[in-house]
Structures are given as C-alpha cells and as structure tokens.
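First chain A sits with chain B, and in the next complex the same chain sits with chain C.
Then we have the complex of A and B:
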C-alpha cells in the first residue's frame, strides 16, 4: 500500500492507495505513529482498491483518537467499492464523508 | 438538472411499524414504491441523474435500484450524518452538485404532480431556495441559479406535497392515485383507462373486475372472485376462489383465502388493517390470510450446517481431554474471556474451553459454530480492534456479507487464536 501526505489549509491530507487489509494495516499503523498527524485530518480513499474489516478497524481507531483529542477527521473521495463497505457495515455513522477533498477542507 | 433524494432514518417510522420488514421508501402505493414515484417526478423534471443520500442503512434501496438503468436514470449513493443540514449535505456532495441545478427532495415520500404538464423549464428557471414544504419534508432548489440563462417560466405547473404521516392518509392517497391513474402512472403500466394490470397475471374464468383497479405482477385470481372497484392488488398475490376485494389494498406477497370479503381494508401478510380506525387484526389461520415467502438459499444453509457440525466435532475431540482435566480447577463458570486473575481460568479461556458446553448446541442445530450473534464464536472475535458493540457490528456485517460455508473455517481459526486479544463478549 502507498501512503502519502500533504498540507491543504488547516488540514493534513493523507492519501492511501492500494489494499487496506490485515496485511497492510500494520504499515499504515506505523506510518501514523512515525508521522505527526495532530490537528484536522482528511483521509483520501480514492485509490483504495480493497478494504476489509481490519482496514476499517484502523480507520475506526484513527476516528476514535481524533474524537478523544477533540480534533476533526473527514474521509473523502470514496470510490464505489469502498463506499459499499462503509454502507454495508454501517461504519459511515462514525465518519464525515465528502465527495471531494477540497470540499472537505473548507 | 439533477435530483438529490435525502432519506433521514428516523422519519416515516409509522411506515416501518405498519409495514415491517421493508424500507419506508420501498413501501408500495398502488403499483409502485414511494421511491419510484420520486423517480417519476425526477424524470418529468428532466433530471436523469439522481443521488440518494441517507443517514441510515441503504442496502435494501441499493438492491432495489442498483444503478437506476431500468428507469433510464443514473443513480449514485452517499451517506450523511443525522445532524447534517442542507448546506453540509451540499458540501459533502460537491462532485455531484458540480455547476448544475439540483432538485433536493428532502425527507419526502410523495409529490403530487401531473405528467401532462411541463416541469423542466419551471424548475430550471425558479430561484434557488425552498419551493415547497409541509413540515414533514420539502422540495428545495439548490446548486447553480440559472435565472440569467432562462427567463422565469410564466405559468407554474401543479406541484404539491400531501400530508402523509398515518395509515388513513396512506389509504386516502392510494385511492386518489388510483382514481387519477393517468396523472401519475407512466405509459407502459396501463392496459385501459382505470384498469392497470401487471405482468404474469392469471385471471381465471368467472372473475369480475370492476374499474378502477390496479393489479401488480405475478398475481393469480381464482374463479368467482370480484375485484374492485377501487382495489389495489400488489405483486406476488394469490386471491383464492369466490373472494371479494373492494375499496381495499392487498399488499405484495399476500395470500387471500377462499370466500373472504375484504372491504375498505388493507391486507398485508397475515394482517388485516382498518384504515378508518387504525385497528389491526392478525389472522392465525393461514388458509384465510397469510404471507407468501420464498424458499431462500436452502442449499447454502445445509452445507453451512454440515461444515459447522464437522468443525464442531473436531473441536470437541481436541477440547474434550483439556476440558475434563481443567474444569474441576475452575471454580465458577467462566464467561467473556478476559480479566480473570486465576491462571487456570485464564488458560481455560485462552483454549476456548469456556465455549465447550455450547458445542452440543451446534450438534443439535440450534446454534452456529461461528457467525453473527448468536453463535459459539462471534465474527467480531476474529479481529483485535473492536472495543464495543458498534465495532463488533461493523466486523460482523462485513463478515456476514463476505461469508460462505467453507470461509467460516479460517474465520473460526482466527477467532480461536485471537481469544487473548478479543475484547468482545461472547453470545
């Protein structure tokens, strides 16, 4: 899985690409631990090809930490495959989901 | 022009109570669901691209609509939070909005319109903002204001929102749609004026049909029946011989028994409702009134049960001796699997011996070995991260969707190996 980040206004944009499952979850976990992601965060999921329950677990974990720190987390650019996983598992109730990164960063 | 349909989960709860087991927007009124009437309005307004957003479960709606191809629409889906305002919803759906005029149907079940009038120019030329509202829902125009492109349309076509918050109002609206059939029902549904009959309908000899009447798809009407006037018969319905249905609605998947008189009532499954008083009668005699159910995936169920019994047998053999050896040293019944100070109890749980007695219920067929609750092992126990029931439900719904009988075996192994880390309680 490819992970990159950049700044957009007050937000940090974390872009994920590839498969987010039990095998790649530790990679994302260690990336988040090594990099400073304090403040408002947008996760761009446009290029995520596959998401399973372990991948969802990582995202739920980030949401929980952000909520505890009173910080903002938004998800953006969900493709149809990822969107369907969020709908079926009802994980969407835990996240603010946007069509576009720019709209999320406003 | 595009249409945004906003569905808020807590609205229309009376429909969930009255017609349980289906999404309120998929409840049928005459021969179409509420959602299809909203699609019809969208088509008439010239909006072929529709987005459905909801703060609740949309699986049923997705299964019903797919990409909207069968209505000639392009349908997409998105989720919102319960507290989101129109502005927040606009922000979240920015790509869908683009630079277009959007008709927002917020929390609506039905719009009264006339397909013989022109709505496209009127809606495109009206100012952005609230168009109609009745307290329950609204029609809102959003997106690009095209006033500069189009002149304000002179005459406004008929458009209104009926009050629709109870069974009598549903019944009244149904009768009105039936009477004004040609106003709402698009070409293709109508056989002749006042008589709308669907596909695969078998009407036996001696049946009397009195207009106006709507009959859905896959319906059998046996000899000697009288249907109508003002009767709405849903899809997949059987009306047995010499029965009378007049001024009534027979919902889909309903069997009406022999020599039964249904006058000014709503028959749904095995329930007979009086829309005037709201009284509901549940008939226990399946020969009078009952629900027609499908067989489901019987084959998969048998294979899954076989796989679970075999896996439970192997687990039983592997656990029998450790259970007999350790059980006397574990004083009290061990539940959950965490927080026990006693080392034997911890080992007992770690080896999942606390679940050993439940294996007998798998053999008897009353419990699954692994699955969503209730089961000996929960799907949620295959992951380390769930901290509460909401998390557990996310995992269980994911696993349920992707599960197949043989796929349960690796999930069982994962749950067994994960017992130490799992924070979720057993069934």
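Then we have the complex of A and C:
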C-alpha cells in the first residue's frame, strides 16, 4: 500500500491507497510509529481498494489514541467496500466520517 | 453446473491477498454465471472479505509452524458458493461474541465479520485439521 501525508490548514492529511489488510497493516503501523501525527488528523481513504479487520484494527487504534489525547480525528472518502466494514462492525460509531477531505477540514 | 477450485498456500501473511483475490474472482464468475439476488459487487466483496478474514485467522494461529499450510476449496451447489478453509492449527471455537467497539478493540473482528457476511458457517475438526465451511447463498431468503 502507499502512504503519504501533507498539511491542510490546521490538519494533517494522511492519505492511504491500495490494500489495507493483514499483510500491509504492519507497514502502516510502522509509518504511524515513525511519524509525528499529533494534532488534528484527517485520514483520506479514497484510494483504499480493500480493507479487512486488520486494517480496521489499526484505524481503531488511531481513534483510541486520538481520543485519549483529546485530539481531532476524521475519516474521509470511504468507498462502499470500506464503508461496509465500518457498518457491520459498528466501528463507524468511533469516527467522524466525511464524504470529502475538504468538508472534513472545514 | 458444478465447479471446484482448490488453492493451497503457505501459512504466511504475505499470501493473504492471493487468498482473497481468488475468492473474489470465484465469486464474480459464480455471480455472473448463476445469477444472484442482489448486488453482484456486494456479493463478491462479502465473499472476498470473508475468505480474507478466515485465511488471516489461519495464519495468525499457525504457531509459527514453518511447514504450515492453509488450503481453500471452493465449490458451488444448490446452496450457493462455498469456501472451505482448512489448516493444521490447534482446535478453536468458531463462535465469538461481537466485539464491543466502545472499548476501541484493535482485534477480534474477523470471525464476527464472517458471521455477518456469510449465509451459513460450520466448523469441524478432521484429521488434525480445522475446517471452516462458509457459504454465500445466491438467493438468500428475504428477511
């Protein structure tokens, strides 16, 4: 999977693309450990083709840490396949979810 | 027409995508050939994701067996499209409570997802192998 980040106003935008599954999840975990994501964060999932429970677990872990730090976390651009995973696990209740990055950053 | 496909992979997490892509392709062929009730993309995604979760569980519980393998058999019959995932791991309980998301769990979703997406699931233990059988119906009964 590909991972990149940039600044947009007060937010850091973390963009993910490709497959986020048990095989690629460690790559994302390492990236998160090596990079400073303190402050307000938007995760852009537009280019994530496939998400499984391992990928979801990483995102839930980010949500837990952001909540503990009293920091903002938003998700943007969930396609139907990604949205389905959030719906059936009820994990959508843990996140602020937006259709677009710009809407999340307003 | 009946079809059968068998795939055996090393119990290594790097093969997760192969397992799920074979499942997705089998589901796509099945859905288009047989015709299903509902959305084909959703059917294929549900099958692909369920097999991905099952394969991942097999690898995660492989106890680092260097020669461990996971075999996935796909077949079709009147009940629908079935994946049978078998491994050499210790016996496990396929019934797990739903994860309590209010506790922000980072794991424990896999079997729950399979139960939510597939129409029937059964577990058995034969010849020192775990056998998880899961079927996605072409025409599930209306709820």
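The rule is short, and it goes like this: the second predicted complex is superposed on the first by the 106 of 106 C-alpha atoms of A that agree within 3 Å, B and C clash if a C-alpha of one lies under 4 Å from a C-alpha of the other, contacts with A are read in each partner's own complex, and residues count from 1 in each chain.
FYI, contacts are C-beta pairs under 8 Å (C-beta built on N, C-alpha and C of every residue); 3 or more make two chains touch, one makes a residue touch a chain.
Please read these numbers as outputs of a predicted model, since none were measured by experiment.
S.K.: Considering only touches as defined above, state whether A:19 meets chain B (first), chain C (second), both or neither.
M.R.: second
S.K.: After superposition on the shared chain, which partner residues are touched by A:52: those of chain B (first), chain C (second), both, or neither?
M.R.: Touch status of A:52: both partners.
S.K.: According to the stated criteria, A:99 is in contact with first (chain B), second (chain C), both, or neither; which is it?
M.R.: After superposition on chain A, A:99 lies in contact with chain B alone.
S.K.: Go through the superposed model and pick first if A:2 touches only chain B, second if only chain C, both, or neither.
M.R.: In the superposition, A:2 contacts neither chain B nor chain C.
S.K.: Quick one: classify A:60 as touching chain B (first), chain C (second), both or neither.
M.R.: So A:60 meets both chain B and chain C here.
S.K.: Could you tell me if A:85 is touching chain B, chain C, both of them or neither one (first, second, both, neither)?
M.R.: Touch partners of A:85: chain B and chain C.
S.K.: Indicate the residue numbers of chain A shared between its chain B interface and its chain C interface, in ascending order.
M.R.: 52-54, 56-58, 60-61, 64, 84-85, 88-91, 93-94
S.K.: Looking at the complex, which residues from chain C come into contact with chain A?
M.R.: For chain C paired with chain A, touching residues are 13-17, 20, 41-42, 45-46, 48-49, 52-53, 56, 59-60, 99, 101-102, 104-107, 109-110, 112-113, 116-117.
S.K.: Taking the touch rule as given, give the residues of chain A at its contact with chain C in the complex, in rising order.
M.R.: Per the stated touch rule, the residues are 19, 21-23, 50, 52-54, 56-58, 60-61, 63-64, 67, 80-81, 84-85, 88-91, 93-94.
S.K.: Would you pull the chain A residues touching chain B in the complex into a rising list?
M.R.: Interface residues on the chain A side: 52-54, 56-58, 60-61, 64, 83-94, 96-100, 102-104, 106.
S.K.: Report the residues of chain B in contact with chain A in the complex, numbered from low to high.
M.R.: Touching chain A from chain B are residues 55, 57-59, 62, 77-81, 91-96, 382-387, 390-391, 393-395, 397-399, 401.
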